[in-house]
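I am attaching a structure below and will ask some questions about it afterwards.
Which chain is which? They are A, B and C, in the order written, and residues in each are numbered from 1.
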Amino acid sequence: MNQKLFFTLLFGLFLLSGISHYAHFGTTIEFIISAAAILFVAGFLGKATESVAHYAGQRLGGFLNATFGNAAELIIAIFLVREGLFDMVKASITGSIIGNLLLVLGASVLLGGLKFKEQKFNVQLASHNSSLMILAVIALAIPAIFISNQHFSAGSAEFLSITIAVILIVAYVLWLIFSMVTHKDILEDVEETTPDHGEEPAWSKGTSIIFLVLATAMTAFVSEWLVSTLHTFTADFGFSEVFVGAFLIAIVGNAAEHSAAVLLAMKNKIGAAVEIAVGSSLQIALFVAPVLILVSTLFGPTMDIVFSPIELTAIAVSVFIAKSISRDGKTNWYEGALLLIVYIILGISFYLI
Amino acid sequence: MNQKLFFTLLFGLFLLSGISHYAHFGTTIEFIISAAAILFVAGFLGKATESVAHYAGQRLGGFLNATFGNAAELIIAIFLVREGLFDMVKASITGSIIGNLLLVLGASVLLGGLKFKEQKFNVQLASHNSSLMILAVIALAIPAIFISNQHFSAGSAEFLSITIAVILIVAYVLWLIFSMVTHKDILEDVEETTPDHGEEPAWSKGTSIIFLVLATAMTAFVSEWLVSTLHTFTADFGFSEVFVGAFLIAIVGNAAEHSAAVLLAMKNKIGAAVEIAVGSSLQIALFVAPVLILVSTLFGPTMDIVFSPIELTAIAVSVFIAKSISRDGKTNWYEGALLLIVYIILGISFYLI
Amino acid sequence: MNQKLFFTLLFGLFLLSGISHYAHFGTTIEFIISAAAILFVAGFLGKATESVAHYAGQRLGGFLNATFGNAAELIIAIFLVREGLFDMVKASITGSIIGNLLLVLGASVLLGGLKFKEQKFNVQLASHNSSLMILAVIALAIPAIFISNQHFSAGSAEFLSITIAVILIVAYVLWLIFSMVTHKDILEDVEETTPDHGEEPAWSKGTSIIFLVLATAMTAFVSEWLVSTLHTFTADFGFSEVFVGAFLIAIVGNAAEHSAAVLLAMKNKIGAAVEIAVGSSLQIALFVAPVLILVSTLFGPTMDIVFSPIELTAIAVSVFIAKSISRDGKTNWYEGALLLIVYIILGISFYLI
């Protein structure tokens, strides 16, 4: 899509979404317009982040990408937290993780595999990330299993949630230090397929910073407009909070990454596509989720870290099938189809709740 | 066993089983004779299928082997479904999967390993199948976990069961396309150890087809006779439906493959033995089980796809230990002993229910 | 630590512990002194075992190390069993396994990794042990899942516990035969990094045997003194039996191995450190735990093999993250940090129960 068309759609949908919100066009139309607008503002925010990261130099830029790469989702989720829609927040975290590991990775591997018989990527890439994904599953599963099997006081459950959130953020910061400072060279050999290296950004340094601020503000507005429709929207259509969070919100919030990964796979850069999908899942599990728990303490009752058994099942299942498929460093269309099949099974199951 | 003795026993036991059924010899004797007869008709059906597959050419023949390889079990299970013995059907599916992954594979690896210090096979063989086995575990576990944790209406549970059955059959058909059409060459390099290549069948084309029809009919009769005894038999001996399905029925229905795999392992063809055991498990999980759910809709109430926690545990445990042992492409007697030990632990636990 | 100082502390703390026990110094002070004494008598017992094993020749010595390597823990646990503190026994088994796989391995990998950028060890080492660890998880999980999902009579549960205990001991003995007799040569190539080869013991043969008897007796006495304080101690401080067993007892009983593994890692012998941590976990799961069940039948009601869901979660989680990290035969500081993070999450969760 060329820049002019992109900006026209971006600002057009943003304005339309604002008008429909303040003029009360009706829940369904407001939901559709704001969801369409989110697609563009999230894409804009992603591009602006990458552009600023480019000018910030390798280390600070890497840090920016690593912490703000899922900024759009974080902003949407903060508005959900403020509304007290904790079930929808957790569902959207679940949906982002399974969406990245099954839908994004599956579509990339399937479409890449239809074009190229076998696509290869560096195995170490997968191996380095897989222990982190297991940590994420463990950290999310342990509180749920402990709290459902033992009597915990409300205070203990809150303390456990906040402590685990802090520990996960520490683990994420240590990972950034490991991958960007102490073992940068080892991982760089591996990540030669990374998408951004060497690509010149389209905007100057000053423009990039202004755009980043603008994109963040726009994302915040549209997120608020979108979230304000959800209560009525789910009631009108009889969707569960969990289904809306895990599928609608998660797909809209991640669409920009989805298309980027698929395009890379179709250029035979499957390694970069894998990195986007897995890296984004890790960021959500180890950074976005714990930040949301800490943020919730600012607004009122703490959101606990206790995911439901079906959410944990969905996350664990996605991690294991993605691990199994990426372990050998080779992909083919059937492996992509398998990932999508698991996504469809989960989607139908969530829909039927 | 030479052909003459085989056919004598086959037709002798078939006749005896029929006589004992119609003359009402008594449940226990009828059960024992029909179980012995099943061993031979299932073996006969397997040989006839292979023989017809040989004359059908590589592609159609591969398809025949892939879909009718577990025909005997499918036929027995259809009669169980018609009788409404759903718990026994699911138990026999469970029993076939764990029987193949633990008993058949364990006995092959142990007995092969006592003769040869270390047996090797192509690692890719295991790797290609392991993602499919994980899909099977996921597809069977998700409905159980969702339905036990959330309120599903009876209609939703039925819809979910039928949908997942259709999805699994689609996954299986895609797998056949992948392994027999688009990526045939890659897998063929791997499967040089496949048992049947190049072996001339004992019967002519016409005889093979007649034998296939005859064997199918005989299997259907003996299955009906066997199933008709089960209700009284389990009641008389105090066995649970689950134990009979998971161990007695599963062992009788799979005996032909069991002996084939062990004989191959003792000829140092451990790769072919692994392929029989794992391939048969996949066929049962991804083809036989969903077909039985669809078949049940013809007879009355739909059999749901909800396996019990202990059945899912048994299946998951078998998949993980088999995966762990086959991952390095090398086997020794101790690994076979480990598989058998897990089978014994499961067997005792099921027996004590 | 030089020998003279070690013996002074050993006998000094032993005497002090005895005096404090018989003179009733008070529960807290008795607990602290006996815990300190256990550190030294367990270390003494470990050294004496190794020394006797050295003189006993390779095969018998290997057997001695394999069965008495966790003798101190076994002795403490026997006194717990005699007191009927079954929950604490199971918690201490859990704590020993997770302590070895997360705390010992994590500290070794982290501290070794801070000194050396990347440490390598033979991958086969990990692969040979990982199937055994999975067997251990399966054998402990199956009774819990079966008994919690089905009606088992008390007699059946007891029969299942004793049978599984016997099966695990058989599996362990078969493993000793495999690794010390039939496949000794294959594993020896792998275990070139084993700590003890070639190191001369400090004591003569006669002294070693006397010291082994003395150390066993001292361990038994101090264990009894320690265990006698636990009932009052946990009540006074409001700790749960499970927390005391899983963390306090397990850390005190394993301290000698902990320091040995960390010191080896810091000398860049990470393979030996991995072997201590994983080997010790295996010994506890496959030998110490089943022996305790059989021992319990001598004192009164049989201790069943049913671990609680949170204990099984902790064990399974530790096995999977340790497997994931050790699979590639390379370690770095971040992987050690990950293991310690999981240990901290589990520790806090157990503490809050």
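Here, contacts are C-beta pairs under 8 Å (C-beta built on N, C-alpha and C of every residue); 3 or more make two chains touch, one makes a residue touch a chain.
This one's a predicted model, so the numbers in the text were calculated from it and none came from an experiment.
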| item | value |
| --- | --- |
| Contact-graph separation of chain A and chain C, given in steps at minimum | 1 |
| Superposition of chain A upon chain B: rotation angle, C-alpha, nearest 5 degrees | 120 |
| Residue-number overlap at the chain B/chain C interface, same or different (half cut) | different |
| Separation of mean Cα positions, chain C and chain B [Å, integer] | 41 |
| Partner chain B, residues of chain A touching it in the complex | 117-118, 308-310, 313, 317, 320-321, 324-325, 327-328, 332-335, 337-338, 341-342, 344-346, 348-349, 352-353 |
| Footprint of chain C on chain A - complex, ascending | 124, 127, 130-132, 134-135, 138-139, 141-143, 145-146, 149-152, 156, 159-160, 163-164, 167, 170-171, 174-175, 178, 182-183, 186 |
